[in-house]
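Listed below are the structures to be examined.
What follows is a pair of complexes built around chain A, which joins chain B in one and chain C in the other.
Up next is the complex of A and B:
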């Protein structure tokens, strides 16, 4: 009996630690798809901590959103599409009105849920990842690829490379190689890079790396023999650190590598030690650091022992988790302005996303000043931003080394229109008319 | 595409020769087998012909990939050795070997970080950390023997295999709970490279120092293990237990002690693998995926052979790197993971016990 009681205490304690606010009636429910175990946990943990801390902060400090308490529950996906879909199915009906929105935190899971979300009427918030053509809200009413897509990232990276070579006209004949995670995530920038290569005359080559990316010798030996002028890195988890180490091993200059914003966090560079010095990565607007919202979290959660964050507090991915929850909860707040202060349905939150207008003043008020620029979404534009900067690892910390670049809309808008039209034909979707009020 | 022009006639020739051989033999029972063997020979001939032509085009580049692949293969062998030891001595396919590499690596790197944090010099801290992680592996061996294997004594291989799957989850979870789930850099060996033969080949041939260290360590391990199995009383007892648990017990060999020893030795091998792979990747959860790289090595080399693990590693390492670079550019890349399994499948078709494995003859 004693053993049974002890086991119950242990199980109870562990459940309490991972599910800080299980859904109850009358709450606004937000599922948290996360990965705290497995090959991608090093990146998944800080993002999950940031996301959950912001929701907990709203509950602790403000009693939720406009007085409506937030219920949230984590579900471990391990970055696997099947588990992600399982989590979605398990959590979508919880809370008073079901899931208000879902952040899949995986392009593979996003691809799968893009098929399901319209039927379930649940918006997908895919902050800086997911289907790039889902910017077109007329075809993808339930996907919100806020702040930037991989096509944005590809365009900004090419612009930075061009700037280093002395201008876009200097790209002609240059070799740019993409080392990518062989998954929907890693393949996503390829159409944009091919279009940009055609426009600017550089030679583009893609080099896939198989999951999880622990062995990349052949890829980097081929790069050593091919001698590209620049390498773009689209990795995740262990793949990023291994790529940087292998680049160092074949003496490929690290300052000739730019990673996407999912390859530009502390766990990506720390394992490589000095070998990572000079490595560059895009910023999804924000970088590491502590801002107004961090002071609030420290006061309301960390000092009271209510946060799981440790060394990751203020790191790149923790901050991205905060921004993710900020944008999601702002969409709920926007919806409440129209539908009243009560738990919102997924459909109402979708309206909130499409009418989201996060102004400079609101960013400052919420403590996100310095982390993001104003963001405005609409029926036709589910992305709302086209800008990114470049940061460089100096061996100890990330340093911002560029101003904001704006993605090449001439190329990308055409690509969004083409690909979304193709998707609409494939799935027999009649695009909405965004000129008519919703 | 000069490689294909070389390879295709070779492949067609091999197929025709094989078909003629089948027709002339006329033995219906062996027709299917022979066709499979001939097809394999033809594919191999095409592949080797293609590689040969690429080697002629760029000998320096080819040599660099070949050497890099062989040395990578030795690193896979380091993980495969742990599997072989346990299978050889107890007939158990130890699914937990990857998790044991993780446990050993985490124990090593975390204790080393702790000691260096206290200001202990590396020359003292490294041996202490190795001792500590060795002790952790001994504890693992003791616990697994006492609570997983002993209650399953004389059960069939599948039952024991399933129990090691359970042990994997426990080890992975516990190790991350106790030592943390981050990425912990380990710098025990140099990771830079030599450039050899610059006068002979443009750009020279790059050889990574860590890979060379891995090769040296593997060589020492193989010699030590061979001596252990051949010349020590415990080693001979291990071989007796491998042949037949019950018979070994009946002649007075303490089977629990032997199983503890073999799991301990596999734990030490896991620790050695962790020092090299930890330096390469940083110690982190993904290190458990190395077990997947070791599996084709075992199938090719044979589950019961220490030299087989080395030869299997060399074949897998060289084969997958050459395939990724030379075949990858024809069919899209990202093929090295499954190519290793294709190689393993080819060996299974021809020699099910692996190149160096013992042929199993059972009385029905």
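Up next is the complex of A and C:
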């Protein structure tokens, strides 16, 4: 009997704990879906620290966005889709106007939330990940795949490989193998690589690695047998470090491997030690390093002990977290220009994203100079950028080894149109007319 | 005083064999059903705390209902028929992917897109067929060896849905999204509609399961579970009993998988039905109580809600803990709770409930 009473108290308390948090009136709420535990924590922690630090900086230094304080709360997803959906449901209604935008930081969660966001009217900011075809804002009004998709990455990687071989015409007959995380994330670049293989005549082969990616012996042995001319790596979390270690173990030249921008941070190469020397990775425009905004964060947060960042301060993924929050808050700022300085609703923030124009001057003013190029989104283009560079790990730090490449839009735009049209038919969506102002 | 059968006379065999012989039980169940079908929608409609909150409906009640259905399925196989299975996640996946295929049509064999309701049920049927196939080894091997054989199902279907593109309609990323939930013109998209949709499934199949297990077939299952040789000598065919348990169990798990994909997630990849899901379902039936339909609900509630509760409490109380500390605490407390419960009550929550009922009958004058 006592146990029953205790159980009912526990259940009652749990019901009480899910009560709507109405007491946060007047705040612009931004949910932070993060993962600080599990197989992907090595990459999840710096990204979350960067994202949260920029929001905290705006609060601490400017009192929020145009005087509207930012409320934010983290929720641990562990990179699992069902947990991500639970977190989204938990946080979407908080604050004065609900969630302003959500960054799922997982392609799987992005897919699940793409189905829910239109109903809840909450924009999704997927910075350099997510559904590549969501660039087409006419079909995906709520997805913003700002700065680049995996198809962009695939095209840029192929261009760099071609440059090393001496031109795109030299790709003919070459073997390019993709080692990928066997999930929507890792599979995204495949259609683009297949299309590029058809165009340039190289032989493309995909080698999947099962989640979480600590078991890669057989994959790399088959690569040693197959002797591809280049390997592309689409890994995340512990999979990256393991891949580089295994490549070293089978003596596959590390300077013949290019990782996507999610496989090009410090936690990916440090575990492999000297074995990682020569490994290359794409940059989502920015690399590691400290810039104007870092000085501000140091002054306002780190010196006051208000930041969780330690060694990761100024690392690649920390910086990406900063940019993610920068783009999101700039969209809110844009929306406020139209709707006034009060907490924005998801719908208003969506307008802000669609009319986002981050100019050179604004980047400089916010302290992001050197980290990103100007970004302009529109109804028909929810990506806004097609450029990336390549960096190489020299054993101690990342060195930029290339100029900006621009993705091959002849190939990619066709794919975007095809796949988004397919989605529109499947979901019975009538694409918006982007020539009309909304 | 309140909960006793004194004065309730049974004058017919059917009254004696009723599912709930006690009047109080019938009233309680009736009240619970009325509350679930009418009360919660009304409370949600008038936004009475805490039911006005979408979070409760969409992120707690919905997964609770769907996983309860899956747990009932697993409980039939493990709890009633004694066949240990680690492949429940795979059977959920079969339900989900086949429902998706039926729901989007299979032009290769000239099958048009079917409505949602038949799709979900056909997903369950496919899962049942595969369940029978993977149940065949159970005729020869038992216990842990069978668990390993069903584990093979888990890994095989993980592999199948990742690799064979036909199942995902050639989606480039391998992630698929559910078709619109349209049931005879009723579009199930509001949280409360989704809740009612799942509730109807769960209540229907819970009644089916409850009646199966107390009928002839259920008695055969339990005889096989308790001692298969003795059961065989008594004239029970292990072939029929074991495979029917696999079929019924896989069917319910498959329907739950289709609901999980269509109603809860909306878009999914095979990782949603990984080995973790199988283990989660296994823990649900062990914690809830092997061989109890009620236990399936209690176990699903415990395994699903306690982690969420532990995760939400610190931030709601305003305790300044970092996200990682909270989630590590969640693992520690949840793990110790499971150990504690299994030491104190190895037969699960269902046993606690029946103990409570025993005591209630004597209350307030125990002897």
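Rule of thumb we're sticking to: the second predicted complex is superposed on the first by the 415 of 438 C-alpha atoms of A that agree within 3 Å, B and C clash if a C-alpha of one lies under 4 Å from a C-alpha of the other, contacts with A are read in each partner's own complex, and residues count from 1 in each chain.
The definition used in the following text is that a contact is a pair of C-beta atoms (placed from the backbone, for glycine too) under 8 Å apart; a residue touches a chain by one contact, two chains touch by 3 or more.
Just so you know, these numbers come straight off a predicted model, no measurement behind them.
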Which of chain B and chain C A:208 touches, first, second, both or neither: both
Touched partner set for A:182, first chain B, second chain C, both or neither: both
Contacts of A:34 with chain B and chain C, given as first, second, both or neither: second
First (chain B), second (chain C), both or neither touched by A:250: first
Which of chain B and chain C A:225 touches, first, second, both or neither: first
Which of chain B and chain C A:241 touches, first, second, both or neither: first
Partner chain in contact with A:270 - chain B first, chain C second, else both or neither: first
Dominant contact partner of chain A by residue count, chain C or chain B: C
Doubly contacted chain A residues - partners chain C and chain B: 36-37, 41, 45, 182, 208
Chain A - residues contacting chain B, complex: 36-39, 41-42, 45, 182, 206-210, 212, 214-215, 217-219, 221-222, 224-225, 237-238, 241-242, 245, 248-251, 267, 270-273, 275
In the complex with chain C, residue positions of chain A that touch it: 1, 3-4, 10, 13-21, 34, 36-37, 41, 45, 48, 73-76, 78, 80-82, 85-86, 89-90, 92-93, 107-108, 111-112, 114-116, 119, 131, 182-185, 187-188, 190-191, 208, 211, 308, 419, 426-428
Chain B residues touching chain A - in the complex, by the definition given at the top: 58, 61, 64-65, 68-69, 72, 176, 181-185, 187, 191-193, 203, 206, 208, 210, 280-282, 284-287, 289-290, 293, 320-321, 324-325, 328, 332-334, 336-337
Residue ranges of chain C touching chain A (in the complex, touch as defined): 49-50, 52-56, 58-60, 63, 104, 162, 172-175, 177-180, 189, 264-269, 271-272, 274, 305, 308-309, 311-313, 315-317, 322-324, 326-328, 352, 356, 359
